[in-house]
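Across the two complexes that follow, chain A remains constant while its partner is chain B and subsequently chain C.
What follows is the complex of A and B.
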């Protein structure tokens, strides 16, 4: 049920207005990056990007492109604000998180600009909720500068192949080691926990691997506590691309199909714990 | 040692690990010439699990004797103690194991103190787990199944169907037999508020059992949780379960055996001693000394066994004499035992006449000492002294570990 546009008689237009018939299209993606309380939102004509960072080592981005929304309008080139993501998610799911078929929460989002709160109008079954969430000064974010020319190794996997592995990760291990190589073991995830080490090897011929482009043998370690939150994104996704650059920075890109079959992306970037390049 | 477990048997192996996990957090991984033995004992020594997979269970089994000149006994491949929590993830979803895993290889590297489990899964995925183990002394319980007057043999499905009626919170269950009937019922302590308790009782006819032998009427109470693991395991193997037991206080053994594997879960049973006045020593030791002594004397042929039981006797005697004469643990058999177990629902707490017939002890004390006796030592611990415990323990274990005896200790098949 579309809600009325800008309130009549308001002097300033909203910098950002967006309407969504099913708020879950937004909330499920935001949950996939919700490992910190605060997030920075960027709205451009292309859509919405929500970024969460931790320890200056890991960054997660959720992209909801403009086409997903029923209405998406920005009055400036980029509209940026920082917001409490936990509160935002609580509001988006205010009518409950269980997804009954046929019922969905409609959303209208409005942002007047710097210093103004983010307004959310949510409706389900004739009940309307209005939320105003205070916004904050946007923080400087890391730029991992991961473009395709800098990628050394890249593997595209079906998510189901990694899901169990990530769910069963030995959390007593401080690091997760990722080895990517044109030679055996091709693609290996390793943990070193209290009981011993565990290795998960994927053969490059595995039918779980959709694309295998490894030029160089690289072994990098990442703090497992930083990567563990990506399990949420993995659970929602159908495919994941794993890329590393020359410094061992890791990029995980998750392709997520929403309830209506539309495709959205979530990205995780992570700094290596130590940089070990071994000849295997 | 190196072995390979093929697809279908993986589920059985995984279930065995899970069953052992219900006993304790760690288990003994003991590769032997004829096969692989897994053993576990719980911290209170009231439950012992033993699973043996013969070399035929594996697609491939290779055991090499390592020269161990410093050891007197012919223990060639020392057993390893592994923390079970580290192994459980390997066999996490037993039901899907078969579907996803083609085979599992296990290697032990003694020098490195590592056990490696390598699972070859579908889609070209290989999972490798390198787990550390500690070398340890051998573990073995000595229990003469063939000396038990009561033997029941039943398909695990029937047992599972019985056990399912007991709520998962039910800790202990009593198995009561007479030549006419068999009854499984929930066990409650003296001070249980019956108005808030659900009691379950399942009665069975002797002809429901594949084999039924009741030499002495008895009621044995044991821990249900430990049994559930074995039931899940035996369902995977579809081998009938044999139950060997005696009177209350003596251990009960649940075992399964087929061509390629055998398993025994030996559980301590509650002893009906409420005449125990005070405990000059932990009451827990008392009934067990008796039962164990009996078994060790009769069970082993090796001289070591005799020595240990002699030792056991020697160290025990002073204590036994020291106790009040009324605290005679070995109850004269059937009629008394049967009487005592009539727990009348609705009976008030103070009413001990209907419950536990002959008592000189107060209900409260009885309840308390009951509970302590249940969690009692059941191996070689025969005195209060720590040293004596470990010493006897070792000697029992070592004796049974020599090659000849190994064949004798897992008891002969029932019928």
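What follows is the complex of A and C.
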């Protein structure tokens, strides 16, 4: 694209510059975490992380590592800004969302720093769109502090096993209950709706389960309205890891392969609604 | 006053349905003018319509196998009707596989356009679905309100970009703003711009080409104009979106004339149909 990273005679250099040949590599991942209007973006030398939070109970993160981009340069250790994610997505998909074979939108992203707007330059078929999106002060975000030493139970599944279950969740139930145990029922998803309760069991020997590391029987409930948005990430992913810690905090990590076969991650963290931890 | 018409050819019927669908997207109520050779769908640019004007012209011979029209009197051999195009569109939806569609102006209890759809049937007698579409007869003294709008004294005339791309961009911009700025120059460049507190988005189209309009005295009005200078108008984005959404088939020719800060005049030409649409600039 005929746009230089540093326009001649500009006041300050760009703190962040990034280029992508296919904007969908970014927009599809951002859609997977789009359940609130606002998101906080963190850019480091490793790549871009976009975080969305709701009600101080659920947090979603999309990671697009630097290698996915054709160019990714940051001038400070961490560049952070808050932005309207709905607006950002409308801009990234300005030429439409349908993916015709052979056509893609090229993207260049530039950010000068605190107080400056995020600049997007998008091009498809010789048509250029320039977007200037205002940024805001980043807000404090929750730190779920989910490290591997604190994990009590962990299951890795093929996403296709969960897709139907999540798409058909009984939304009249206020909660989704997740039971993970070294003994039967091993892994159970339950809802308690107007028509009654529904349980979906997965045996640890199931072909869909790639790894099963459950040390303790845990039953936790999570507000279904907070978990429902994760269905978008599940739909895009090929694998999902489900982890809980001693307090019943839930971590869902989705492995997503983009159109070029590159791997990206989206994770959802959720606080338990009620803590019914049964210890053996 | 009499009107009877019949379409038998399925391709003509589908084509006619598509035209009516487009009109239905652009106007809730409009005027149908019938002459011996043409049909016109007209929306005059009154304040009640939001200042939007529409003039759509069809050659009846390209659509109808039979067409008989007798106007209000010999001197004024035309009929002007007020109707809701959505009603006609819905009636034609039942005619997708019809053997024939007949239209007739009737006045049993009140004036109606009776659309009789003859559907294929296994038995010897045919199945007919009849729709009575209420119409208002517009008296001759009001016909002056519905004259063809003249091409405005525009600043720039330019061919439109690929409508599919234009539609995608406008659809997204509609999420971000209520108004959109269209600007274009005589070097074939057009920009679509929105600007709000949250975001500014500009899409640049190049190499669109400018149609040449020959004036009566043989010269072109735009000869004195700086080719790089942009003519601009800010319009209601929903009206532009409606126009683009209604285009089900790619037109043979699509262009717009911009009168800076006053009006944007769109002309979309298909083989058998011409559509002109006027969107006023916002004050």
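In this text, the second predicted complex is superposed on the first by the 273 of 280 C-alpha atoms of A that agree within 3 Å, B and C clash if a C-alpha of one lies under 4 Å from a C-alpha of the other, contacts with A are read in each partner's own complex, and residues count from 1 in each chain.
Quick note on the criterion: a contact is a pair of C-beta atoms (placed from the backbone, for glycine too) under 8 Å apart; a residue touches a chain by one contact, two chains touch by 3 or more.
Predicted, not measured: the structure shown is a model, and the values here were computed from it.
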With both complexes superposed on chain A, which partner does A:238 reach: first (chain B), second (chain C), both or neither?
neither
Could you look at A:128 and tell me whether it touches chain B, chain C, both or neither (first, second, both, neither)?
second
With both complexes overlaid on chain A, does A:91 touch chain B (first), chain C (second), both or neither?
second
Under the stated touch criterion, which partner chain does A:197 make contact with: chain B (first), chain C (second), both, or neither?
first
Taking the contacts chain A makes with chain B in one complex and with chain C in the other, which residues are shared?
none
If we count contacts the way the header does, which residues on chain C are in touch with chain A in the complex?
161, 165, 168-169, 171-173, 175-176, 197-207
Within their complex, chain A touches chain B through residues 161, 168, 170, 194-203, 205-208
Seen from chain B, its contact residues with chain A in the complex are 83, 85-86, 89, 92, 114, 123-132
Quick check on the complex: what are the chain A residues that touch chain C?
84, 86-87, 90-91, 93-96, 124-134
